[in-house]
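Chain nomenclature is as follows: A, B, C and D, assigned in order of appearance, with residue numbering initiated at 1 for each chain independently.
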């Protein structure tokens, strides 16, 4: 066992938006080692995104009850006060989302958005240094002509570039954990491959642990070492990706794998 | 810059179309202006002489261009009833109406922006509910009736306002402004209610969008998300509304001037409509049209500043 | 009917009650009741003057008192409400009817026709509606029907704009493409396929239009260029009453309140319709 | 075996209006298809693969006549091809019941008039073919799941027994397990009705599973054409190679 940086135990999430409470996540456990990439796979309604949002502390919009523990850096993110939670958000734990267009603020310049975590968490860094780091980060995620992009608005970029901007903004504080919620689903296959490569490279260069959420098992196979399979709020299976592909233990996992069209070129 | 030029061009074009419509509408109404001017005194010779003098025998487009060019030079024709230039009649009235509209606008902005943000932030709280009910009621009160009510409360019960005690700006500017406060409120209240409701809805709408989740994920506080991210987006529809509201206020003051006995353009407009004194009606409508178009231009420019997406939306 | 009643029950999913709709139905119901009863019966003859009963206050005999000519104010309000409702109805029929057709065509066909139509509509919309109606009134002359037509025309642009927006949204929906591929005619697509989907929006705009029409008519009558005696609408009555504000405030305020309640009823209805779940 | 061609496109060019330019001027056209030559054979499933904006949907729209601004030749053996769209939520009119939606194509049929009984009978036949129960006829689309809706969309397209069905990313918006069911349904319909299917998808795996031929499209041009297995094994164009790599197939 390596150095465990995140330990989620017995996570329960229940929504109270309607008269009847609705359980969306049940008995969710996750141990994340420093620098590892874990995949969470499942279909819509499986609770994979909800678990991720809970870890990132972003479930505040709904009327809900949460139970369990999310231990990070000796703190329980589920029960700690908002101020402590905020001090981790964007600095130690970052997140990127499915729709890079709607996830960026349409009326703010790219540079301003990339720098945001620095501005919030590291007030000691001055404006010039902030800009230098932002541009450096934007170059690191493969945005060509970063100086120019710095002053552009989201609508002027392509989908792939926007997702790169999102990654730059998430990585600028050099977080320990990056949560990626279906970051490639809205993108074309070739762009998708580029973004997956970029995430792999970030993981290698900066040592950031990644929780990668996707509905696409074959994509998870390309990127992750470990995978958690979810269905209707529950963890169905959990283990090494290759093992699960070779010997799925549960019926649902088998069904998921069978749904991927097999290609036999020989 | 190209954007502004384009907008100015389209404004000029609109003004042209509007002026043509106004001129044609009033020229095609049955009734001869000269007969109208002299009434029973009109003799055929007099009519013929004046028709020639006023150029009424020329083709209608020629008359239109002559009228339009003269209008741009500040010559708005001669009133049928008073036989004096319309420009002079309106010169002292327009500042009164305009001041009233500007004051109303300021009141609307000062009330609605903080209230809109507050009610959105504490959505479904007690204060939010109370304010939405009050808003709903205020929007249902015709401005002239709220004018009457304000006169009643401040003039009859509290006795801090003297109805009919208008002082012209040429006499005492401070007293002039003081007198206009109540009428300005009467005009501003329903618009402020609408703007509050619109801003509240807009902030709530924007707050539900994905980018606010991103903002929270960076460690922003609720206020940080609201003021640094949501507000600018939420103001986009509100700016458009406020522009239209300002135009409405210029026109709305016509009614309120009647309630408070303010000698703005209202009285002249109404009497000239009733007496079919068309040069005056035309001049006032064109005057308001120009004000409206200039306001629209300003709104477009502000809109462009807060919304960088405008070019792609085209 | 059952479906109609179910609109007032607590929504099972959200646990909310549509209070706006309920209030709207009650208020509008009361106003309409007063208008309908007024067709057959008024406590007094609304035009009968009585020199011995001038400017009486509120009493059991005259629940809103009497006016400067000794006429019963409540009877006159019943009569005036009818005039106001009739003018507002005509206004909406013209505004919503023509506006919907223009908006539907401009939205569905788009292109050159839609572009030019909308430029004109936008130019008209930029003008304050009261000014627009004043222009039309000065062209058509004053009187009940002239005012209804003038208001109706000035209401066309806002309806056209709303309907066009909805049609633009629906036009590129896949279900419209599907219908086109099946060979369904344009007219049928516009009226049978798309229109039912925007009924909610249209209905709520009609209600809001109704309250704007009442307000606009009252404003014009107040200026003395709306309906003319003997067909005095509520706005005209309020304008007449204004000079007695100091002598008998209840006279002015009672008439004003009827206008407010009428407008409030329609605006509650509009809000309520917007909040029906299917319309969201 | 020489099969008949049902659709032949020869050097097909399709234009869109460029909305960034002045909408009033006719000058601004954007060429989306830049000369596509492609044959579709009777009874086959032809896949068109490509990324967003490559022109694959434009090609489909040109065939069904939704796009009128075209140059080049487009020969069709049969008229009235039908189309199934990607989004099962927007392709069914939310204000109509399923029964009404299924019968509408027959009401609009210009070749013959259908009596009410005939329409009802046909709707029930189709319902069976797409694997849905009859009680669904009285429901609204909002009461159906995504998979059921997509089945209904396919049913609506099949009502007039078209010879050609164009499916534009019909499974992209669905969960993987549902996706597999819909693909199965399409294959079944193809087998039983002998219908020719033009299957458009960005997913090379799905195309491999159900298509007889595949055409890879990029920037308005067909980059490669052939039997999927051969194309995937020996891609001739650089771009196909990229796509295959990105999808993790090679």
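Everything below uses one rule, namely that a contact is a pair of C-beta atoms (placed from the backbone, for glycine too) under 8 Å apart; a residue touches a chain by one contact, two chains touch by 3 or more.
Quick caveat: nothing in here was measured; it's all calculated off a predicted structure.
**Q** Specify the chain most distant from chain C by Cα centroid.
**A** A
**Q** Counting only C-beta pairs in contact, which chains form the busiest pair?
**A** The largest set of C-beta contacts joins the chains B-C.
**Q** Taking each chain's centre as the mean of its CA atoms, how far is chain A from chain B in angstrom?
**A** 51
**Q** Indicate the whole-number Å distance between the mean C-alpha point of chain C and the mean C-alpha point of chain D.
**A** 47
**Q** Averaged over CA atoms, how far is the centre of chain A from the centre of chain D? Could you give it in whole Å?
**A** Comparing mean C-alpha positions, chain D is 34 Å from chain A.
**Q** Using the touch definition from the top, which residues of chain B touch two or more other chains?
**A** Counting only residues that touch two or more other chains, chain B contributes 312.
**Q** For a test of understanding, state which residues of chain B touch chain A in their complex under the given definition.
**A** For chain B paired with chain A, touching residues are 208-211, 213-221, 224, 229, 232-233, 236, 306-309, 312.
**Q** For chain C, which residues count as touching chain B in their complex?
**A** Per the touch definition, chain C meets chain B at residues 123, 125-131, 134-135, 137-139, 142, 211, 215, 218-219, 222-225, 235, 238-239, 242, 245-246, 249, 252-253, 256, 259-261, 263-264, 267-268, 271.
**Q** Please name which positions on chain A make contact with chain D in the complex.
**A** By the definition above, chain A touches chain D via 43-44, 188-193, 215-219, 221-222, 255-256, 258-263, 265.
**Q** Which residues of chain C touch chain D once you look at their complex with the stated criterion?
**A** It is residues 111-112, 115, 173-175, 177-185, 188, 193, 196-197 of chain C that touch chain D.
**Q** If we count contacts the way the header does, which residues on chain D are in touch with chain C in the complex?
**A** These residues of chain D touch chain C: 23-24, 64, 66, 80, 82-83, 85-87, 90-96, 104-105, 107-110, 153, 156-157, 160.
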